[in-house]
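The chains carry the letters A, B, C and D, assigned in the order they are written, with residues numbered from 1 in each.
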Amino acid sequence: MARITLASSLAPYTDGELELRLEVANVRQLFQALGERFPELQAHLETGIAVAIDNEIYQDALLQPIARDSEVILIEKIAGG
Amino acid sequence: MARNHVTTTVNGDPVEFLCETGQTLLEALRDELRLTGTKEGCGTGDCGACSVIVDGRLLCSCLMLAVEAEGKAIATVEGMADGETLHPLQRKFIEHAALQCGICTPGILIAARSLLERNPDPTESEIRYWLAGNLCRCTGYHKIVDAVLDAAREMRGA
Amino acid sequence: MSTTLKYQEKALKLVGTRPLRPDGVDKVTGRARFGADYNLSGQLIGKVLRSPHAHARIKSIDTSAALALPGVKAVVTREDFAEMPDELAAVGELTINFRDVTRNMMAREKALYDGHPVAAVAATTESVAKHALALIKVDYEVLPHVIDVVEAMQPGAPLLHENQYTQGVKPRPERASNVAKRLEFGRGDVAAGFAAADVIVEREFSTKPVHQGYIEPQACLASYSADGQAELWTSTQGHFVFRAQCAKVLQMEVAKIRVTPTEIGGGFGGKNNIYNEALAIALSRKSNHPVKMVMTREEVFRGTGPTPGANVKVKLGATRDGKITAAEAELNFQAGAFPGSPVNQASMCAFTRYDLENVRVVGNDVTVNRPKVAAYRAPGAPIAVFGVESVIDEMAKKLGLDPIEFRLKNAAKEGTQTYYGPKLGVIGYIQTLEAARAHPHYSAALGPNQGRGVATGFWFNIGNETTCSLNVQEDGSLTLNLGTIDVAGGSRASMAMMVAEELGIAYERVRPIVGDTSTLGFNFLTAGSRSTFASGMASVIASRQVIEKLRQRVAKIREVPLEAVAWKDGQALPADASAAQFAPMSLTEIARMAGKTGGTIAGHAEINAQGAGPGFGTHIVDVEVDRQTGAVKIVRYTVVQDVGKAIHPAYVEGQMQGGAAQGIGWALNEEYVYGDDGVLQNPGFLDYRIPVASDLPRIDTVIVEVPNPNHPYGVRGCGEVPIIAPMAAIANAIENATGLRLTQQPFSPPRVLQALDAAAAAKG
Amino acid sequence: MRYEVPKTLEAAITLLAGAKGGARVLAGGTDLLIQLRAGRAEPELLVDVKAIAELRSIEAAAGGYRIGAAVTCMELIENAAFAEAWPGIVDGVKYIGSIQVKGRATMGGNLCNASPAADSVPSLIAAGARVCIAGAQGWREAPVEDFVRGPGKTSLAEGELVVTFLLPRRAPRSGDAYLRFTPRTEMDIAVVGAAVNLTLDDQGVCSSARVSLGAVAARALLVPAAAAALIGTRVDEAALLRLAGAASAACKPIDDKRGTKEYRIKVAGVMARRAAEIALQRAGGKD
């Protein structure tokens, strides 16, 4: 199962839970699983979240594969000037 | 409202237009004559994007009334190149990457040209003070100053 | 699909050289067309009526007198725009609350800042339009306002949004607040870290709002036809994003709006969002005429987004030998009238130059009665870094360490765990510090009343949605149609260089243009230093596709197997001696035959570019302080930055110099000045003081190139990083010259003189 | 709004008189056009005075100079003889806006705009310049320091206009200078301005002096106390300290977006002192 870590800024939406393991094959499945587990996180997942898979940041990449042994970190989405 | 009839010369060509008394030369150039190379950045003489040369004087066309142009000779960026041949300042600005967005470029070219007409061999400091009325937000002025120095050098045949 | 192309080291012919930009001649001859340079026959002039109050309930708007004025063709107010739900919507890759977008574009219940649009008119001439504005009667109930971020956070402060409850705090607050959102980032145990520290430095900083200061005011031209189609010409950093926002607020189908981007006269983040565009389309729809809307400079200052003003607290602990044990920061950012300051990105940038065990950053996004903030080059980062790099400098001094040495002792490197999420990949921070230390500037002698300062900056850089098409024309010249705006850095040149490099042809044979929204699929904004990275990647993919098709075509024409056909220096030739031999064919020859051998050849890419490589910069500045007037003069400036790979070094230098110059203005004299009535007092270039040529020295540049492994040419990006460090570097230089630690931006003469006098008085 | 370009002073006066206050004089227009654009001025007639010979000429007169009110800043700056005689006045004129603005702006306009921060006014006051005014009632002359009444207010009666400035004969060993403080090097409005005009006797002792300050009160001030600090001295350290003190003491400034009271008071002394040092050098008192 992939190791999932949520940025500490997301703690308020997960009752403080920031680390978990999930059986997911891509980002879409990850968001789905997290959304079911943490309803308050749902809105943020769809709008304000980027994902780092094995330390590469992906934005808006729902189909990005997640390997069984991947380390996945959810972070705030980044824009710019 | 009664409009004023103005006969003047732009880049060597005789032109006529009608304007309201309150209309600026900048508005007449852009809206009546469709010479949009001269830009408006502020409309209050603080940015220099609308710089033109009138009877040999560098000025902000946003601070001159169109009716005052009667009988004058006006030079804008559209008249800088000689046919297909760019003015040395125009060429050097491209070569030195002295322009980015380009909105301030026509005004700066006109201002730099009027400097070199008076002072063919300006120092860096003289260039910076002469161009102080022309705001550029992209370049930090470094490459603009280099382009003017290099153009001056070429025009002096040095 | 999400795409990365790995970096390949190879001998380069074009990339890294300095050819002339394709937009150069048009820009020096006045032929280049910017937002205000477009006109249509029969067009009307649109003008906006703006609130004179910082905070007021709009009881009624009477437009009858304006509509009765001859020449007035249409008036729009809040009544003309649909209410939008209060929810975050991802539109064009941006996450926006359209309830707020509609209200920022046109006030509804309340005017929330001086300059907030309350009505717009379209008339036959500008003077008629102006006269019409004066005839619109708005009945305001003026409300108490709040602008300062600290005051706005207090309980009992005037509330902008009566039903705004702070997000990100548990349990959900009972009272509404101007604090829209609270964010907390961190790792390790900060308390333990400070306990382990020998030296602790703690300081509070404040900054004022500053404006991007692009010289071209927002300008657009809209034409809506009775068949429900709209065309829009506008000065924008993202024509697809503008289209998406207009479609949403006007409830139109996306494909029915065609947006053509004009040359853009500077943006720096300020042209990431719509202002007049949807109003112009609405006025055009109502009047059945094209409508042109050009902002005045005053409108730009009063109505468009500057940066946040902020309150920043920083605490740092370190051991005597110079290892940082704990770092803590609180960032309180003005969001302006609606939530959405860049405090989240500022929080992530605050300490991400250092390898830290124990970090905690708290950010608050606070609504106040000022225009909604917009992005400005590395949004938020310069504000956070001003505080952090000032404290880093002070700590180095307390520890008796050279400031670059102290940074090197704690520098982030490949594998450093960030406090916002991932570990850092291959980065060039240490290389920029070492290059700065080795630069002659760093060891040059200083004159009387002069001081030297150093500071560093980090920016993520980004990728995102990008498209392009590459068409081989019948003579073998190529048209590269890009969907990502060239905001003036010269990205069109860089893209053409990469295409020419890939194909092995002359740069001049590739004509890059930026296509309108009907010619390509969606592209994100040119923002976040993504253009050369992402659009470059797309251009390379399209080029390789073209090469593949060219090889296939030659294999057919010469009747040889595909493997036998290699592509080199602009021609197809036998792969090697062992492969089938055939007469080489140049790109031109293939192109000439293309029509008769299966049709024209083109490549295209529609990607969501991933794998952006972070950028780091180190700045050195010398200042001279006039102790009698408090004037600070910048006497020397050097920018060192890792850009991954400089495709066009001259244009990269231009980004570094321009960013530094904006940072210098931010540090010294730029600020929004508000009266007690909440009205902006300096909405013009006379009293909003951006640097003029005679204010600045030459700005030396050192380009460091540590390739980004996730780009075919190693590009990271360069636009954002150079604006991050100047404020802190200059504060540190002033401290070095005077012994005074300035914590309030701007470091304007009255501020500096006051500090000098206070210090003198303290000495007695 | 009508526009007229009279060729003679008489014609201009007739037009102004006929307009009953509904007219504005247009010289360089660098202030007036901004007021028109902002709707802060809505005259029914503009009288362009740039075709009137008296207003456009620079003449040596009675050992001094007569400067037309509509002479542009650049024309004045480029007049080598005048710059030689009155470098301090040229200092002030040089500070007015950009090269572009100086190509249009005039000393007459700078005076009549009646801004407390007008850069050409303190040096004119320090120089002892007089302003010549014409109107339906005829000619009158006034010292420049008496012309401006307050921000935007002048002593011009309805229908009057400023025609020329008169500068007195220059005594040998005289020098003048104007300095201002602004946050930027250029393109700014004076936060404080100081002009010093002094004459030395053959022993190098200051025999006469006039000091004027700008942007520190409702109008540019003549500060006799500051001048007194110099007269009878060799403009030494002690005298300069007294000058600075007197200059600061004379300030009655306001707080605004361009500077605080305290700042203006303190820097007025600094600018006065630095201007005096330059004036001294120009008078040949120090090398």
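Note that a residue touches a chain if its C-beta (ideal position, glycine included) is under 8 Å from a C-beta of that chain, and two chains touch if they have at least 3 such contacts.
Here the structure is a predicted model, which is why all the values come from computation and not from measurement.
Undergrad: Using the stated contact rule, I'd like to know whether B-D or A-C comes out ahead in C-beta pair count.
TA: Answer by contact count: A-C.
Undergrad: Could you put a whole-Å number on the gap between the CA centroids of chain B and chain D?
TA: Computed value for the inter-centroid distance: 29 Å.
Undergrad: Averaged over CA atoms, how far is the centre of chain A from the centre of chain D? Could you give it in whole Å?
TA: Roughly 68 Å, centre to centre.
Undergrad: Can you compute the centre-to-centre distance for chain A and chain B, using the mean CA position of each chain? Integer Å is fine.
TA: Whole-Å distance between the two chain centres: 55.
Undergrad: Cα centroid separation between chain A and chain C, in whole Å?
TA: Between these chains, centre-to-centre, one finds 26 Å.
Undergrad: Where in chain C do residues touch two or more other chains at once?
TA: Expected reply: 212, 268, 685-686, 691-692, 694.
Undergrad: Of all residues in chain B, which are in touch with two or more distinct other chains?
TA: Within chain B, the residues that touch at least two other chains are 20, 22, 43-44, 46, 129, 132-134.
Undergrad: Run through the chains and report each pair that touches.
TA: A-C, B-C, B-D, C-D
Undergrad: Touching chain C in the complex: which residues of chain A?
TA: Chain A reaches chain C through residues 5, 7-9, 11-13, 15, 43, 46-48, 52, 55-61, 63-64, 73-81.
Undergrad: Can you name the residues of chain B that touch chain C in the complex?
TA: It is residues 20, 22, 30, 34-44, 46-47, 49, 76-78, 80-81, 86, 89-91, 93-97, 99-106, 109, 124-125, 127-129, 131-145 of chain B that touch chain C.
Undergrad: Which residues of chain B touch chain D in the complex?
TA: 2, 4, 20-22, 24, 43-46, 48, 51, 57-60, 62-65, 67-68, 111, 114, 129-130, 132-134
Undergrad: Which positions of chain D touch chain B when the two form their complex?
TA: Those residues of chain D that touch chain B are 1-3, 26, 28-30, 33-34, 36-37, 46, 48, 50, 72, 74, 97-101, 103-104, 185-187.
Undergrad: Residues of chain C touching chain B in their complex?
TA: For this pair, the touching residues of chain C are 18, 20-21, 23-34, 36-37, 39, 127, 212-217, 263-266, 268, 294, 296-297, 487-490, 650-651, 653-654, 657-658, 660-662, 684-686, 690-694, 696, 698-699.
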